[in-house]
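These are the structures in question, set out in turn.
One chain, subunit A, appears in both complexes that follow, with subunit B as partner in the first and subunit C in the second.
So, the complex of A and B:
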């Protein structure tokens, strides 16, 4: 007897993970939530059948979306995290003692409850006293914010389904408004590889470029995401992700990581030629 | 007949399902033969869809002379809407409006109507030769929108034109404004006139709770209901409702004057299924629409600048009631014309709204909307304000220019004409339509005198990017005027 979880990465490509057992299955107001236990990847969370994280490779995503901006901005006190119901980003953030406040906005309370119960590896830090969880639409929450945050991390699902609004021009514009004058926004930026993902990636980049003076893209290798090649966006009002990297300062903090290093930080911004071309195509064209 | 007719039934839909199972070999039109003759179209629309694109035949009835399943569907629709009869229409609400006008007025007969009627009403008058008597709709000058008809104005028009055959009412207007329909109906009937209602934007009045009164409930004689707007059916499908005063057979004859003899079963089945859905679930569905519209209104008003208006406009007369499902927003305090916000939402934010005029936009909220899309709309409007707001200057908000009817629309339309440059046309009688679209309200109709304010308005609306249609000269640099009637 064999159980397999399969996700279609394209209509013609499927990735399958052998499953020992299903730990949870439920339907929230917004999406279907499942947690499985697997021999190779440990526990993993899927939303509407799409892989969100596995215990084995989540560190790559969470370290890269968090430490890259933290090593650039000199003084992050107030952070907004959008999405991130699994708690992985929060786990990385609470390692910084000088962060004073973390607002986390997650639309689906049930995701947080499920992760707290079944995925303590990521969700075990949500009770930190600096963390304030708001269960509402990210787009709605940020409308009311002006000049408030040093860092915004957009840990969204894909640009279809409940996360759709987090890939829009209006959202990025509102993020710009919600950031302080030297604020940074980092976002989950999809994959450049398969054509449909690449289009989503291009559209997101175009909208961020239109909204922020500095907008760069960096990459990481995440085995369980489609194609394994994943991008993040670094958008900022003032700091350049490489010129303003505070390498020594960050290393002094002594935060142990398994993926991120300040050397990798620099390398991550050097992209394959086809990705550079993909992004450059939308940087200058008016529409 | 298998079961007795009830609102759970959808006779046309059921007949189509039966028909599909029969696997009948088609040696009739349409020639695509269930899509096989047009594989690209089938790939686009899907096999089920093209398979239902069939012609009238015995098991499926005939819209020109319904005796079985279409008849049953019409009976059910009439029940659901509280009408004496309901006609399924496949030529849009335009065809329903046309049928209303043609049913009550002949050449030379008068119809009392507000200026802000849809172009279809004017077109119907060109067809039948009826003469319009305009009731000046009051205007809200701050918002720059025409309101409903005041009862006193209607009574004045009736007294001055006791020979008029009918009163025509927009209820609600595009912006959601309702007139005192019950009183107007009463007045019309007192003077022996019909009351016709363009209810293109009011399908939900028949099913929702706490909404303005519907035409049939108010006792109107005929109403044109755009099922494809708030009712959820396919574009171009519509329903014409009649009260007990209207002879069904005669109205059917009128409809058949201009209606296709190849009515689309996609449209007919969509009407049938939508009617069933509204009858069974409309109350809850529209309660949700109202909740979303009220939420959006509150959030938009919280942005600052914008004014999303609602029932507070009610004044007991020209704004007798307001349709709260309409999300109409005045954009002038942000320093932007409605059409500019309309364009920005589409070009910058991939959001398509229903229309923008000089001072307002309308976002159409319906049974298909999701809260997350409302969040996008509100957020995009906040961004439009942050990025593009200007000081409130030099925005001409006046929308309504009183028309001067010199000859009947039909006489003007068919008269000998000359083409003049727009600037030179002042004082001449126009022989064609000039519309600002949307919302499709005439600036000029055939038979009306071209005045300076009208020329200025055309130039201004063109400059603001409104889509102007109607004249033979698509660029609207020239207008056709009546040859014989120089100033």
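So, the complex of A and C:
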């Protein structure tokens, strides 16, 4: 039997993954949710047909969105995670004993329920006693927060559909306000390669640059995302992602990783010329 | 009309590219050669159905395989290029005025003819007077070379089919012999992600480590290659790819690049933990 899931990365490029079985398919208030079992990538989750994570390569995304800021900020106690219904970011965060509180704001409770049932590899740490899940709109939640968090991780879906509002100037401005004086925000930034994605990258970068004094972009190789070349934004009120990297201190924690190392951390901020140019083009220009 | 080229990256994953027209299809003495025109990637070349290059992203591969060694070695005058029938490596090399001679050894003359006709973006520099094309087996050519080249670039196809012999211990040993006392060899190393490719990576790395005192691996994001995460091997008799990087000197040359920068050069050698482990596993073990 030939049974394939395909995702169009552009109207002219698609990636297809052989499927053993569809484990779940449902429609929530916000989106269509599917879980598949595949020989190459293990289980994988899609929302509205877009790949969110596979068991085989999710470690790359989750390690890179979590450990990069954690190796820079000297004392993270209070964290806000927006999105992240699959639990992968939470799994990485609960490895830090000094973190005291994690507020997770996910708009779609059904995503969390489905992941708890079918994706224990990522969702198995959501019951940690430091984790508080708020099922509401991240945009609305953050409006009421002032000077509260050391770290905000924006683990959004794509800049269309339910995640759209998480790529706006208002949202990033509210994140700034919700952070303490030495707070850091990290967000996923899409890919620089295909023209439509590159525009989304530029837009997100421009809005973050307008809101934060320090804003740098870093990259990772994520095979199941469009082009495999994925960017993250590091935005900060005080700490620089390279000059303030606490390499020895982080390594003393003894957190074993499969992608992240403090050496890789540095290399991840050294971007290809065309990506540097994409970003520089929006840093100084008016709307 | 739906007209798609598909390549299986494993038996369970495929990438598909929408095609406008097939521009060429032929069978040489060694392999099947095809050229397609596509809306997303421009023209692209396949050999035996495997993606070799697209006009849209070939700059990444060709800049990274060429400029990394050129920014380390202080005085490259004589270069050997093995494979590279598409001419992309030659295009990057002829930008260096101090290079006096380039021997290009390509087993398949028909590839060169096809690329000259259909892919002038890469093949348009093959008539440079410093370029000497030898249509023969790279394995055999290099056996007769001693202490001759400053740089050898092994731009092979995959480690099966016509390129197979270019991944053997004998071949790398002959490259060592063909290099001068301060020579550098760079080769393409496949991808670390899918298990079968990772084994090919490990095998190539092991054989190079056995032949050269300095052997380091670096990476690039190449969207149209399997997983998008591609590795290159830097093997050297004397120069270290980071400690001996001649950053200011290279930048003074004013060679405009779209992917390579001397900053990116450094980051490209900082590999993910799982890749470091893959490579370390073969560095010290017997066969």
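In this section, the second predicted complex is superposed on the first by the 287 of 287 C-alpha atoms of A that agree within 3 Å, B and C clash if a C-alpha of one lies under 4 Å from a C-alpha of the other, contacts with A are read in each partner's own complex, and residues count from 1 in each chain.
Please note the rule applied: a contact is a pair of C-beta atoms (placed from the backbone, for glycine too) under 8 Å apart; a residue touches a chain by one contact, two chains touch by 3 or more.
Values in this document were obtained by computation on a predicted structure and should not be read as measured data.
Within the superposed three-chain model, A:165 lies in touch with subunit B and out of touch with subunit C [touch as defined at top].
By the touch criterion stated above, A:14 is placed in contact with subunit C alone, subunit B being left untouched. When both complexes are overlaid on chain A, the residue A:255 reaches neither subunit B nor subunit C.
Of the two partner chains placed by superposition, only subunit B is touched by A:173; subunit C is not. Between subunit B and subunit C, the partner in contact with more residues of subunit A is C. Looking at the shared chain after the overlay, A:145 reaches neither subunit B nor subunit C.
In the three-chain superposition model, subunit A touches subunit B and subunit C at no common residue. Contact residues of subunit C toward subunit A in the complex are 4, 6, 10-18, 38-41, 57, 60, 193-194, 219, 221, 223, 227-229, 257-261, 263-264, 266-274, 276.
Those residues of subunit A whose C-beta lies close enough to touch subunit B in the complex are 137, 139-140, 142-143, 162, 164-165, 168-171, 173-174, 177, 287. Across the complex, subunit B meets subunit A through its residues 299, 303, 347-350, 371-372, 375-376, 378-380, 382-383, 386-387.
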